[in-house]
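Given below, in the form of structure tokens, are the structures.
Heads up, the next two complexes both have chain A, just with different partners, chain B and then chain C.
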Partner chain A sequence: MSDILKALIEIVGERGVSNTPEELWFYSRDPGVLTPHLPDYVVAPKTTEDVQKIVQLANREKIPIVPMGNGMSLAGLVIPLKGGIVLDMKRMDKILEVNQMARYAVVEGGTSQGVLKAYLQDHYPQLRHSIPDAPPTTTIAANMALHGQGRLTQQYGFNTDMVTGLEVVLPTGEICRIGSPSLGPYWFSKGPTLPDLSGLFLGWLGTTGVITKIGLRLYPNKKIRDVELFVTDRVDLIPDMLYRLTHLEILEDVNVWFQPKPLMFQDNFHITLYFTGDAEEEIAFKRKMIWDTLQPYMDSKDGGFMSVQYMKPMLMEMPQRGIADFADVPKGGGFEYSGPITIIEHYPQYAAKVVELAAKYDVLYASSARLISGGHCMMFSISFAFNRNDPAMMERVKHALDEATAFALEMGGIPWKPNFMEQKMTMAKMDKNALKLLQMIKKNLDPQGIMNPGNWEVN
Partner chain B sequence: MAYAHTIEHAEIVHRCFRCGYCKFPEDYVDFNCPSYKAFGWDTYSPGGRMWLIRAWLNDEIKASPHFAEILYSCAACDNCKNQCVFPKFKDFLPEIFQETKVELVNEGRIPPGVRDYLKAIATNGNPYKLPQAERGKWAEGTRLEPYTNQEYLFYVGCVGSYDEVGQKMARSVGRLLVNAGVSAGFLGSAETCDGNEVRILGEMGLFTQLVGDNIEKFKERGVKQIITLDPHALNVFKKEYPKLGGTFKVFHYTEILAGLIKEKKLALSDYPAKVTYHDPCYLGRHNQIYGPPREILKAIPGVELVEMRRNALNAFCCGGGGGNFFTDILGAGEDSAGRVRVREARDTGARIVAVACPSCAKMLSDAVKTEGLEDTLEVLGIAEIIEMARAK
Partner chain C sequence: MYTLKFKENVCAACPSADCLLKCQYMSFAGHDEAHGEMMKIVRGEESRVLQDCATCYACEEYCKRGNHPFYLISERREEKGMFTAPRPITNQWINMTRMQGKYMVGQVKDKALSCCLIPDLGILGTGEIFRDVTPAAAFGAEFMCPAVHTHFARMSVVKERLPLVIENFQKLGAKEVICLHDECYGTFTAIASAYGIDVPFKPVYYMDFLLERMKELKDRIKPLGIKAAYQRPCSNRLIPDKYPLVKEILDLIGVELPDREYQGENCLCCGEILRSVSGYKLADDVQERNLNDMVQTGAEYCVFNCPACQSSLSEKVAKKNLKPVHIIDLCKMAIGEKEREVR
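Up next, the complex of A and B:
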């Protein structure tokens, strides 16, 4: 047994470390199209102190560490590109606190979205968090490490905007509290009015430390939630429709989607509008406001509301279980997407690009955009399904996604959860001084370069 | 694609997305896969298992003892089949796991506990390695007669025949059938293993032999209807025996007792107790029998039935399925299924955990001891509770 393995067992016990071929094989990959790379160890800490000791060991021995939630970014962000330790955080899954009055929760770094949702439903049914459409096994901390979005992103911004404090283990092993918890027992602010240090960790894909605790805002869980579905074949009108809709400031979530299959959806663009209220009168009023806003497009016969009856259970689900089903359309178990953040005005160009790329690479597409922060920008997903048993199709999807990222950068967009190649493309285009600053931060925080190496690596 | 190994459903294994819905119950309150809960590695989840099977089929990993442990730690509870989000794929999950175990048996790469179990069944007809002559001992004092063409065969199974906890359950059912005047008999020393676990562990040769022998025996004796003590037996009689020529009308004892109570053939007295009911996987998820045990408990005056957080379709397994009752691959650690389940039962405030399966009874009784809950929680079979209510 190697000295490293012995040391790891000493920290987390025998059931907390594995270097068997089975675990190494599994933790070398994610469900996307990127090439796997084997780690040397998979380690599952149970406490912040475990994480600290593992990081100290890795720092001393210069061993890469890749923090992992459920590994569902699909962009290979937890593939250990340079080997080392994959840190499976899911055994740190406690919900530590809910402050009902201040509307925040504090959870450990491996707590899943699903478990928090169920916990709030059981104990604080009047509160909710911004749950993403990723599977419920995905973890809250991982979502924050990649600037995730969720059901409340239209109203309140990226999920990272909802963070209210962090505990992180720095790459050199120090345990550090960020925001109001650095001064006292309350987790109500990640930064303001202090210098906002949370920005050193949120969205960094685990390259600057390991998030071991996280505070996040909770929001009122209204008694009634409803949905309307507007359909148009005029892609050029969508930015204007979204502009008018966001002016209302009453929508919980807005998704714009189009897909060629099933055929009933072909050639149309669908705007799903979610809204909530505490009384039927409030719902009726909001519905009227939505209908009134879109009435001009109905008058000009450019669109209309579609009956949502048979789709309603699926549309109302959080997360939507049917989303993963897209992977099975080519009977193949896979899909991956590029999700650039862009301005709403560019919706038509992005929509055209999806169709163009799907035709060029002979792959099946689907797209769903989500408005962010009242329409200041949107996440535009360019999704391609693939058959995992068809390496050629996977390669085509990879090329299509690379081209989608190049297009997004040309259009002035920002790639969301970019894989290591897309990060390189992004850094090549980035303002040189911004890149230098990124490098300075990374070097100072992680002098040995052990944290998820290969990602946000400035050479 | 050429596989070094093959299983019947090899061509669809790649369709697992490993999204992880299969780990959870419907509302995500906690992990509902017993092996993932116990071991904590993604490899021990249904998706992990599926991806490893694909790697093994592609010869990217070998059938190592660890691979076999991962496969055999599956409790066959069927939660994954119910929670998987791929409608055309989900029904095959348990088959894919079972087919892989068949290959491991064929290649002789099974864990020692599995080997010993199968060997004991092959040699002794039961996993306890006890004499066949002792198989009917549980019936002493019940006044239940040996089977001689009565309306029902009361089939008890290995756990009910030999395990102390199972025997208690079997005796209670036997006595109630007699008291209610049900025409039923038992096979005693003529009874042999039903084969449910043998099948799930992948020994298809032994399984076919057991089923063939049982079908012949049942037919010779004119058996038409069977009441089972054990939901595992119910499952295999209902689903597998017809494929091999043995079609019988099969009931679980709770279905029969619920009917007898409705027909007022079993009078019940007041029995004040707060009771929670644990759904056995082979009765609930596998065979959708959720109502009768609850109807019985609700019919007992004074019983307050409180549900555990996870119940019915979403119930958490006791950890005894998939042969784990005998092989103990899941172990008795803090997150082992039985211990998690009795903590969940404790949280309801109930003083009795009602069970309808001898394996669950044993698993949960052991877990109550390990958790130090003997003073607050008692595990009792549904028939035992009825008898207590009748004794007053």
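Up next, the complex of A and C:
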């Protein structure tokens, strides 16, 4: 047995470590198209102190360490590109606190979205968090590490905007609290009115430290939730439609999507509009406001509301499972997407690009965009499904996604959860002084370069 | 392409103009104005009717002279390139009902049970009542009557697809097709006849079938002893002679059908198509009047004939403390095959 393995067993016990090939195989890949790479060890800590000791060991021995939630980013963000230790955080899954009056929760770094959702439903049914449309086993901290979005993003911004405090283990092993918890027992602010240090960790894909505790805002869980579905065949009108809709300031979530199959969706763009209320009258009023806002497009016959009765159960799911159905259309259950953040005005150009790429690379597409923070920007997903048993198809998808990222950068967009290649493309275009600052921060926080190496690596 | 057999001279000499005078969604000063507007349509001229018609099908019933005012309105709208509903909604219906070879057919011998393209019909057409015909079910776009496109003024789609649907049933070798949806029966009888399309099998209306079966199962019927309001669907306007069957069936199973304002010729649309064609204001108004009228009768149940009406109104009638139920399910309740409380 190697000294490293012995040391890891000493920290977390035998059941918390593995280097068996069958387990390493699973930790070497994700469901996307990137090439797998084996780690040397998988370790599952139970406490912040466990994490600290593992990081200290890795730092001392210069072993790469990759913090991992559920590994569902699809972009290969926790594939251990340089081997080393995969730090599986899922055993750190406690909900530590819910402050009902201040509307925040504090959870451990491996707590899943589903666990928090279920806990709130059982104990605080009047509160909710911004749940992403990802499997419920995905973790909250991982979502923050990649600037995720969720069901409340249209109203309140990126999920990282909802963070209220962090506990992180720095690459050199120090345990550090960020925001209001650095001064007292309350987790109500990640930064203001202090210098906001949370930005050193949120969105860094685990390259600057390990998030071991996280505070996040909770929001009122209204008694009634409803949905309307507007369709148009005029992509050029969508930015204006979204501008008018966001002016209402009453929408919980807005998704714009299009896909060629099944036939009922062909040639149309769909705007799913979610809204909530505590009384039927409130719902009826909001529905009327939505309809009135879009009435000019109905009058011109350019758009109309679909009957949602049959689709309602699927539309109301949180998270939605329809994405998994899309992945299996070409059989073989794979899909990956590039999700650049862009301004709403560019929606038509992005939509055209999806269709162009799908035709060029002979792959099946779907796209679903989500408005962010009242329409200041949107996440535009360029999704391609593939058969995992068809390497040629996977290769075509990889090329299509690379081209999508290049297009997004040309358009002035920001790639969302970029894989290591897309990060390189992004850094090549980045303002040189901004890149220098990024490098400076990274080097100072992680002098040995052990944290998720290969990602946000500035050379 | 088939053409509508519209008797212009009959229309020209019409003494009543009931087709438009009785319309619930448009107002006319009197016979002269209504008749004048209809004649403009006959001549292919502009008419406000072409803009304002809500596509409720009722004029097909109001005309007692064997003409087809609604089909003509739809024809003229299409000729002029008009859309009743928004263009993407119209095209969505055309796309989603396109034949793709994704149909399901059981073992059809002499009889086929038409489930149209409505999954709910496959569930309704089961149990003791449909025992002998359930295995002969046919479902899919290949067996879907295209009448819905009349709402969207796309008679070309109806004329293109109806002969194919008829041919598909013919290929199954069916001599009789039991239609679980009024729209299918109305298409194979009224629309096909109006366009001179030959139907080489006998369309059977499911309520005729239901009545006969319930008579055969009379010994098993335990009268339900309930009061119900009936939601008549638009497509029943195509086959008004079949309307009395509802009362006959409900009488047989001990369901009282109290009189209400919006019944028979005066019935109101479920609102779903109105929402697409005219927007929420008209749809909400019609639904509110309709449901309040149901409540005022003291009915416990709202009985549906059309699954689309049921889907559109179920949640709303339930909020008014009425239990939504399909007439087939009521019959199943009467013979003890289904629980009485249906939500």
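Just so it is clear, the second predicted complex is superposed on the first by the 459 of 459 C-alpha atoms of A that agree within 3 Å, B and C clash if a C-alpha of one lies under 4 Å from a C-alpha of the other, contacts with A are read in each partner's own complex, and residues count from 1 in each chain.
Keep in mind that, in the parts below, a residue touches a chain if its C-beta (ideal position, glycine included) is under 8 Å from a C-beta of that chain, and two chains touch if they have at least 3 such contacts.
As the structure is a computational prediction, the values presented were derived from the model and not from experiment.
*Asks:* For A:D267 in the superposed arrangement: first (chain B), second (chain C), both or neither?
*Replies:* A:D267 sits against chain C, while chain B stays out of touch.
*Asks:* Look at A:D88 in the shared chain and tell me whether it touches chain B only, chain C only, both, or neither; answer first, second, both or neither.
*Replies:* After superposing on A, A:D88 lies in contact with chain B but is clear of chain C.
*Asks:* Spot which of chain B and chain C makes contact with more residues of chain A, would you?
*Replies:* B
*Asks:* After lining up the shared chain so the two structures overlap, which partner does A:Y297 touch, if you call chain B first and chain C second: first, second, both or neither?
*Replies:* In the superposition, A:Y297 contacts chain C only.
*Asks:* Examine A:V55 and indicate which partner it touches, taking first as chain B and second as chain C; both and neither are also allowed.
*Replies:* Once the two structures are laid over each other on A, A:V55 reaches no partner at all.
*Asks:* For A:S112, using the defined touch cut-off, is the partner it touches chain B, chain C, both, or neither? Pick first, second, both or neither.
*Replies:* In the superposition, A:S112 contacts chain B only.
*Asks:* Based on the superposed arrangement, let me know which partner A:L229 touches: chain B (first), chain C (second), both, or neither?
*Replies:* neither
*Asks:* Once the shared chain is lined up, is A:L146 touching chain B (first), chain C (second), both, or neither of them?
*Replies:* neither
*Asks:* Touching chain B in one complex and chain C in the other: list those residues of chain A.
*Replies:* No residue sits in both footprints.
*Asks:* Which chain C residues qualify as touching chain A in the complex?
*Replies:* Residues 83, 85-89, 91-92, 95-96, 98, 100, 272, 275-276, 279-280, 311-312, 315, 319 of chain C touch chain A in their complex.
*Asks:* Would you tell me which residues of chain A are touching chain C in their complex?
*Replies:* Residues of chain A touching chain C: 231-233, 262-268, 280, 287-288, 291, 295, 297-298, 301-307, 309-310.
*Asks:* Using the touch definition up top, name the residues of chain A that touch chain B in the complex.
*Replies:* 15, 18, 20-23, 25-27, 31, 42, 44, 70-72, 88, 90-91, 112-115, 117-119, 121-122, 135-138, 321-322, 324-325, 327-328, 331-334, 387-389
*Asks:* State the interface residues of chain B toward chain A in the complex, per the touch definition above.
*Replies:* For chain B paired with chain A, touching residues are 1, 12, 14-21, 23-24, 27-30, 39-43, 48, 51-52, 55, 60-62, 64, 66-67, 70, 85-89, 309, 333.
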